[in-house]
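First chain written, first letter: the chains are A, B, C and D, and each begins at residue 1.
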């Protein structure tokens, strides 16, 4: 599989590396754990992040809205995925669950986009602007959850003109059913490549 | 299932009712036919469209880019779903395959949005503007293909703030695998309801 | 002048009511003071806000990016208006200048959109989403600065499908030259009405 | 004035070169003629277009909606600039006024974006997508009208992350009042440079 990148135009995008998703004790971790542990999701995310930092790629983060009281009470319509976030208070602002897992703490010079309200890291945020202001045209995606925020962000990226690589063992979902829907049915239509962490690390290292 | 709508704020959205998708002889029809014939896709689409017209709902169409020579040759990156459209010349401009199936010919006063280049009817088009200019906040979706343009358009709609109902037997895809990914795994997160044509027709009739 | 509004679909939008703009001692106040004091900008802003709250209109705020170290150093291109914000550190995060003037402190249930990076309150933020999620189709604008953020936000609003009223004595700029460009040359093309605070207060009171 | 461009990332954008604007007999020509003839608008537009073609820059066109019957009748709100276009039937589809002046006929390989409904060439169109798909990050603007479509497109471009040069004697408006508002008050905040045709031609020639 060809994974050539233009170094100056390529970034790593880390989606929702919150404790609530990927740390023991997080609100959604128990549901993600079977898939995440089976494919080595968290260690693979760390490995790709390290490789990208070592290669000097620009790092971006697309964080989900951290729940705050009053977020949805006045909305005329609330999408089901938002109702779920509301009832669970996922990523509650000011709590440990609403912080990034420590390995994914942004370093100076890394860009954290504005929080997204639904699933796409691009919708109603400055992610597209920040990518453009840094000259980025291609990016590699790691993070959570495969069939919601990851799939949504990659679909939007293709609509907006970006060239995307998804790291399939650096993401997770509730079961193989959702992983299959995202990684085998849908994302091959929008991502240039669906690769493994080791393939991506090798490609990055050669830049 | 509750399917209440505010009549003046509700529309029907018809996605890609091209001959190439849903007419005998169309370029993609053979691949869609098994699912489409099994669930009555085309007659159900017609039934919902008739009901919406009779109820006085505003009708919108979200058409895919009709292929024209030179569309992709100069692009730096082309998404896989666009490479497929390019190689097949799907909905070729000026050909029968690039016309709407006759039952779905827009009538005066019905709104045809600009053509979309990838899968979402909203991306890089005037669909959001046209819905707003007509005061629309909720819409019902019929059309093709369940896991590409329909799913993409519904995902974007939720991101943009719309309340959406998907008519599950007025859409189709290549096999039950893609139907499952779109209608059972993904869209329940973004659509307010996934309903049948008969449920939707009954709800519309009562407006 | 006709100023009819649909109450449930109408909001007040307050743009950039920062101390740096409209409080004695703010970084830009000296430049805005002559126009702002001549037209009663701040008292008129307060009067319109009070009237909107009393009438039960939904209140939204569109705040400019509060300056943080590292905001622009890595950008490939920086627009002149952003270079100026960078050099002045306008609305510096964590400082008094980066807080709203006290009369404009948002109350519970009032919506503060994400910070905008350039001039339009809509660009790269969740303002359009929040307006839609609350069923808003018309809004009244007060705030700063007439020819940059106010004009940009009203221009975008018209592009996005909103019906806008600008309160011409509840905004200000550096001199009559910029006020003229915004309020007499440009905004009459995009706003439904350019009104006075007293006209708007009277219209709101009758809702 | 420094006008350096990265050749592969730079394009020329031609806005609304319709006969109705810049040809003898066009519906709006009489209003634009005094300014356009005084600054050599049309010959300068031709000169910049020729230079850009000779230098191998990619050429894009941002065309206004060509009027068609039924365009606005069903809209809940219509912005004043759109009411004017409606009443004049500017750029009527199928008429000479709705064709580009002959010197500005797009050549094969040049990109015509979808029609814009209001003033910004980016709003509700595929212009941002087409620029990204061609790797464009900087562009030079010529065309009409300085304080409406040109100013709106440049303002949006800055919001979206582009680096823009405006050619001040390859645009026109109704009088010096509007030219001043656009070119001296507003656009210096958003464009990297406001240059003359001869300066731009010299810069392009050296690429």
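Keep in mind that, in the parts below, a residue touches a chain if its C-beta (ideal position, glycine included) is under 8 Å from a C-beta of that chain, and two chains touch if they have at least 3 such contacts.
From a predicted model like this one, the values you see are computed outputs, not experimental measurements.
Peer 1: If you take the mean of the Cα atoms for each chain, which one ends up farthest from chain B?
Peer 2: Most remote chain from chain B, centroid-wise, comes out as C.
Peer 1: CA centre of chain A versus CA centre of chain C: separation in Å?
Peer 2: 33
Peer 1: When the C-alpha atoms of chain A and chain B are each averaged to a single point, how far apart are the two points in Å?
Peer 2: Each chain reduced to its C-alpha mean, chain A and chain B end up 28 Å apart.
Peer 1: Go ahead and note the Å separation of the Cα centroids belonging to chain A and chain D.
Peer 2: Those two chain centres are 38 Å apart.
Peer 1: Could you list which residues of chain A touch at least two other chains?
Peer 2: Residues 76-77, 117, 123-124, 128-129, 133, 135, 137, 159-162 of chain A touch two or more partner chains.
Peer 1: Once you've mapped the touching chain pairs, tell me: line, ring, star, complete or other?
Peer 2: Per interface graph, the chains form a complete graph.
Peer 1: Hey, which residues of chain B end up touching chain A in the complex?
Peer 2: Residues of chain B touching chain A: 76-77, 79-81, 84, 117-120, 123-124, 137-138, 147-148, 151-152, 155-156, 158-163, 177-178, 180-181, 185-186, 188-192.
Peer 1: Going by the contact rule set out above, which residues of chain A touch chain D in the complex?
Peer 2: 128-129, 132-133, 135, 137, 159-162
Peer 1: Can you tell me which positions in chain C touch chain A when the two form their complex?
Peer 2: Touching chain A: residues 58, 70, 74-78, 108-109, 111, 114-115, 117, 123-126, 128-129, 133-135 of chain C.
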